[in-house]
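What follows is chain A paired twice: with chain B in the first complex and chain C in the second.
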Partner chain A sequence: MADVGQISSSLDGSGEHGQGARQESGHAYVGHSVLRPDLLEKVTGAAVYCVDLRRSGSASAKIVRSTRAHARILAIDTDAARSAPGVVAVLTCDTLTGLCSRFGHIVADHEILANGKVRYYGEPVALVVAETEAAAADALELVQVEYEDLPAVITAEDALAAGAVLVHEVDLPLLDVDNLSPGEGAGSPEGGPRVDNVAHEVTLEWGDVDAAWESAAVVVESSMHFPMLYAYAMEPYNAIASYANGRLEVDSTAQHPFMVRDDLARVFGLPLSAVTVRAPYLGGGYGSKSYTKVEPLAAVASWHVGRPVKLVLDVEESIYTTRVDSAVVKVRSALDADGRFIAREFDIVMDSGAYADNSPLVIAKSVNRCFGPYRVPNLRVRGRSIYTNTSPASSYRGFGAPQGVLAGETNLERAAEELGIDSAEIRRRNLVQPGEEILQGKRGIDADLPADLEMLLSALKMGEPSNTKWYGVGFACSASDAGAFPVSTAAVRVETDGSVIVLSGSTEMGQGSRSLLGQIAAEEFGIELRQVAVRQSDTGSTAYERTTGASRTTTLAGLALQRACADALSKMRAMAAEVENVDIDTITQCPGGFSLEDNRILRYGEIVKKWFGASAGEVTGVGTVRRSGVTKQMPPFWEIGMVGVGCRIDPETGAVTVEQLATVGDVGFAINPQAVEAQDLGAATQGLGLSLFEELIYDGPQVVNPNLVDYRIPRMRDLPSRIDLMLAERRDGVGPYGAKGSGEGSLNPIAAAVVTAVARAIGRWPDRIPLTPERVWRLISDRTDDE
Partner chain B sequence: MSVTSLEIACTVNGNSITQAIDVRTTLAHWLREDLALTGTKVSCDVQICGACTVLVAGEPVSACTYLAVDVDGKAVTTIEGLARDGELHPLQRAFVEKMALQCGFCTPGFIMMAKALLDSTPQPSREEILEHLDGNLCRCTGYAPIVAAVEQAARVLQGIKAGENG
Partner chain C sequence: MLPPFALERPDRLDEALGLLDDVSVPYCGGTELLMAMKMNVLRPRCLVDLKGIAELGRLDWDGDDVLVGGAVTHARLATDDDVLSGSALLASVERRVGNARVRSQGSIGGNLCFAEPRSDIATLLCAMEASVTLQSQTDSREVAMRDFLIGAYETVREPGELLVNVLIPKVRRYRGVYLKYQYSERPTVGVALVHDEAEGPWRLAVGAVGEIPLVLEADSPSGFDPHAVAESIDLVEDLSGSVEYKRHIVEVYVRRAMQLAIQGDSL
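Moving on, here comes the complex of A and B:
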């Protein structure tokens, strides 16, 4: 085996971080690879995750799940379970009388407990609450459910067929449409009858696509199948809820605690202020913990039994809670003889499972992201999210980009092949320049893609092996309209000793936001990092944050925090002028305080104490971000993906080994360069997993590989032998210091890069991923006749 | 009537414990729920991911599928037992410095598994590190920083040893 895992990056770990290839930041705390304080807690076992929480007097819940894909529930017999040892209560949908028993932030189509029928194998039907988890588990099998089977639609193709059985009979109204433009509502306000299984449809069109095919030098048609995936955040979904005296408190594995709060308030008819949702450290998210998951189940259990209730899922149950949308994407591109696009047409069909969850947004984003950061004068995209009788799909790192970009970029490669133009050159001819629009009326591209491409190419060139037999190189790029809807707030509290508490609603799920927000506050106040404490994700006491997703924290939460710091500084400056009885214009900020005309320095703590006239008090600063000023134009920023791989194929087995990986993180400004590169490598590695190994497989009504034995994710030995992680920092983002978000970019185009590398090595184009040894071997075998 | 609980005596992170344990309790459950040592994490539940790795008599085991009663008479070491007087173990320090973790859920298992390696093989080759840690899953980092952290810790531990001997 080759030397595995040699990393070339600006931070190979020895000595001072964040130097090398990077320019000096000119800042004291941001732009430096500081040690993340959360990591210190995590390596000792002291860090508290939701699953580690205990509440005195709490009971445990376990879920009785449907054993049918689609069936009417005729009866549920809970008597035996109720009288089992240790059982406190058994809840069914009938127990929820008086509550709004459905949730869902876009379409409230999701029954907390199946109501009248089940729509997928694994759907929660009843909830057993017991003194211990073991007692609850023992009682599960005593709950008898009588079903009457209905025909089931397990694939999107089945669900779209004429006369297909309906997964949902009622067309419910959209609740949250902020992010769904362009597109149409999936339902009328009154909720009329449904006529098909299309959960959401989005179209995007400009120019005259139909006229383009005639004038083209080449028209290339291709289609790609993107697999059904499981994000596998290593901490499975769990929550602990306590309902008492008209107040609900929930700790959960939620990326977006504020949106979960909104759903729970609707379920119980409570004021938002009566519901508190907290998210401690999350054991991974990757989009899969966006929006409401198990919180309503734990909450209704606590409401019913009058005690705190803890609910912890295992991996199989997590797979039956949320998985990733699979997709079939058909592409047709027309190019002129020079390889320039004349037109592109996409048809995206996603299998979104039994409930909408966030899939309407995933399809909307896929429509925007599939055609690439290119000049496309004529475009037509149709995207449909389809209800099927399978586990519900929702957000996953990249939000529709991985599905769309795989098809779009491999289609471009095939066009290049037909035209005899190399992969780099055809991109140079089509890539947009900085500032150019790719979505009409939206923000121009705030990145230099042609320059990023050249960085990538030079790294790939350096990694070229001498033996190129059965070896292929592939690269791909993408641009995602990232940041979601810009609503963000932050608060800072300056204490009497000049230390600072940051309040943010953004969740720490591994990406490093706690450390990053601390760096920004330290920079703005000119105080040491250890003087800053960051409190996050408690709807009762931290500032509001809409979501932790779409790579938005650095840009939007960071901007809100910068403004909160400015607000506190401005207040303290005025307070200093008042207590010193001097003109405010004579006071200037210096690290840790303000300097006066007579060169005296007033520390922040002194100002607080003098103004309050005691050794007490606090100054609060608040910052907000909305669709105004630099964040008026959508999207808030574009997240760039620019990755390449070198793959070696074993012709005997079809096994693919990724020998080289190169990424360019076009992030504007890296607040913690080591953390940005870590995100890029992590995202790329997840992308290698879905390119080569990962796929949930339905055989009949249920998943045949709902566990980590049969669902294979990347392991240490899969590490590429050469890794080049590069950062492009041009301060071209709207975020703090010119920063833009990262975390999804290096995943989005990587499957296209792998497919291209393999196609180049074996001389055949795959039409699906993952590229398992068997699939690659079959493609090779098919072509042995002409070798 | 079948036996439902057994009294065991063992040490956990150096502390002696004698306790009657339900025979079907896993070691992970016992550590987390009865001893409140929640640093040991459970993820895959089927001995695949390595997140629950602890040392029993110096050997790494998956606590999710190891019965608690089987530690009778043995010494158990968990992630909470590594730091000495607030001083991080060189593996813990290296994991932080190399950013060999992000969400951190797999980390206790990785560190315990790496400790087992360095206890038996103080100067492992890169190949030996990969071989030894291939059974631990991480979904955040892409693994390369973990390899770098184990290599750094091995160097630091060798230095400490050389200092003690010299």
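Moving on, here comes the complex of A and C:
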């Protein structure tokens, strides 16, 4: 971190964190910045990722990809490729006869291999399986595909135009609607003909918006364009699959192995128990590895050739596998003279690419998150996810919040400017108080936003330079209905030496869940961390977890684990009473065991052994979370974003330097404070990337910058010289010890903060990000003819 | 992934020269070549690895001149004690080439022969009036840097020729500045403004914006007209900027380089 000037917080290595609102923990393991167990093996390179896995007898697959944005497939000639050296087989959609050849957890619209037509440049058309990856790669160009071009819709605007060609002709039913309320699904159960390219539409409305415009002191209209992005996990998608004897085993880079298992079972018509999906360490996910990606390709290849098949994508292929929804968001807000909202109206149009993937959920979440944690008496939001002939979009850290909040918060800033009210003051007047609802019928806000805002402001003030020419400060906030759908399970196994194995289906993808779950188990049992082992993400042997996303692991997987620990403890207490032949009420828990009335201590291991009557045995505890009790009301928790930046502009070049960053992580309780701060810094840094640098650019059917040289992501030198990472710990979450989730919050509002800071510095409001030097220079010099 | 290729590892220069032809190409750091091969832009049959040839690693000083072997890495030029004391400017430019991996692997010869228009070192060497020696099995010729580069990714080097060394005459006497505007992985513009302390004009080289650097001379560092330079230069529009923006940035950076040189903030 040599390039980083000043970072306040535990990232300086002291292990204790300074600023912020915190209640004394009184805990041995949770609430402390323990050393992560995965750290050493990751920094030494010893950690095993999916790409490191080998299976004996395995073949390698490479993908023949579409060279057209939208075209009918007239013929695929695979003869030459089949007879090439080392080639084992070539698969096309015709090979998949007898299988369900489409996947997709919300809309099963995604052909494993293009069937009849291709819908985007880069779409898998055929799969070459060979003895080696090189042999497969060499044979790719021997597969001849004959196309008949169709008109293509490359932008959402084109796709929405009257008479636009249809990307999908059939309207398929929605499979998974747990998370899609409020709003109506666009799919009809029968799968009738489609009439337009709207993949999904969601509306949210209350009050009388139309009546509000008349009574307002100001009505402010603005719109923001959010770019097409790639989440840029360092590790590209890859999988190794083995299909034999009616059983399928897959190791892959999946954030949600259980969801992938369900998709694969549907493809092959197998019982869920016959499909095993494992996710080893992930080299980053950021939502891009949510749901099913390359697993069906590897699986059908193995099914076809009768050998294990490994499929590894490169970065360019990964970009064409899943990107981030771009969006145009229009906002109109009516405020009274005191700066209080009377009404807000949003229209969100997202370019979701050729297949739905998780975009219906992204648009639904964007609708919920765009208008901010404010009292808005009259609201109307319309969100549409649009099919286009571009690479499919899906989840991205923040789930629709980054797109919506950028537009909503900058619109609020413009209103403040028009009313002559300070940015902080206008928020004080509109922010909801703890417990207040922002979505009707949903959980009230489980955070103290007004207090968080004051924390942020105090840090920003400390960093403000005395000379403020070409320097601007901006801040923004957000609240996300987080945690996704509360279905979590966990199991613990207490061994004869009192050590504990934790089983969880939540995936370790760099965020530190292995460490976090270990801390909870150590805390609950009162044992040392080194006595806890955490096993994750194996659908065949770990506990079920619906997803690893929406910042849910701490809150939901943590809660399930806490309950599993309680279950094992309660069983052991009863076993202790039985073996000691005493009344159970005389037995109390103590660290590492139970104490009896005569002050003797029975350690967990002794209880296990005595009860089984041998030096053997195990006690299992299980814990579950569902829509019941503290997690009955949706969402499970609100994830708060509260971020400020100070930006300096070079007026001659338009280059923006972010000199200060301040974040408030309102997490209820930080189980590992250093890990939470690292999540906040990581999320903010990723957000600086999309604010200033990142954008996938389509020129015709193709992305012109599908690589790290041309797609600019943040580097160490881009980090601000002053960084304040603050935690607000008020124990107000439903998770263990009052914890809530973290990981997305600091990304969600940061683009709005950067845009505001730049607008303050240059005196003009941008209408799109990233704020590249040329765009800022054009704003400064009043040139508008570039886009 | 890399397409298949043969690898030769000669340890003598004549042996290497005997191997080079249309499909057998010089390979040293591989920072550009391997990327082009992975992208299937280049598909040589054979890579002739030059790293084992001692004379290509030379760094010979002769009075004020330096002769740099084609296989000398950027990292070595950035950190070598003699380079640091002999030409702080050259060392400082090399210290900021690409990234750490490129600097530790990439060679000066490879950099120049690949003729990436956004090469920092090519711009500086044009300003310093350096030359390169191209040697084949039968012949050897010395070519001035300004004649060596003929277009984007294009030089006068023939397939059987190898860039064996770079001669930078009077490098000890050169003072100047090199400024680059770099937003992305490669610079948008690089501006070198140098002169021989003992004699001669100031030379301005503007690179990265066009296919090859533009080189101009004036009697003093204030003798250039940044606006006229920007108006006259050939520019290529790409992801790092439109022609209009690049023209503006050229003007800004030429002016900034001149200001530094006028103030005496030269290396």
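By definition in this document, the second predicted complex is superposed on the first by the 764 of 787 C-alpha atoms of A that agree within 3 Å, B and C clash if a C-alpha of one lies under 4 Å from a C-alpha of the other, contacts with A are read in each partner's own complex, and residues count from 1 in each chain.
The definition used in the following text is that a contact is a pair of C-beta atoms (placed from the backbone, for glycine too) under 8 Å apart; a residue touches a chain by one contact, two chains touch by 3 or more.
Please read these numbers as outputs of a predicted model, since none were measured by experiment.
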Chain B versus chain C as contact partner of A:652, first or second or both or neither: second
Contacts of A:314 with chain B and chain C, given as first, second, both or neither: both
Chain B versus chain C as contact partner of A:210, first or second or both or neither: neither
Contacts of A:704 with chain B and chain C, given as first, second, both or neither: second
Contacts of A:79 with chain B and chain C, given as first, second, both or neither: neither
Chain C versus chain B, contacts on chain A by residue: B
Partner chain(s) touched by A:713 [first = chain B, second = chain C, both, neither]: first
Chain B versus chain C as contact partner of A:134, first or second or both or neither: both
First, second, both or neither for A:773, with chain B first and chain C second: second
Common interface residues of chain A - those touching chain B in one complex and chain C in the other: 134, 314, 708-709
Chain B-touching residues of chain A, taken from the complex the two chains share: 1, 3-5, 7, 12-13, 35-36, 38-40, 42-49, 51-52, 54, 134, 232-236, 281-286, 314-315, 509-512, 674-675, 678-679, 681-682, 684-686, 707-709, 713-719, 723
Residue numbers on chain A that touch chain C, as the complex places them: 133-134, 137-138, 314, 652-653, 655, 693, 697, 704-705, 708-710, 712, 772-774, 777-778, 783, 786
Touch list for chain B against partner chain A, complex: 24, 32, 36-46, 48-49, 51, 78-80, 82-83, 88, 92, 95-99, 101-108, 111, 126-127, 130, 133-148, 152
Residue numbers on chain C that touch chain A, as the complex places them: 1, 3-4, 181, 183-186, 239, 241-242, 244-245, 248-249, 252
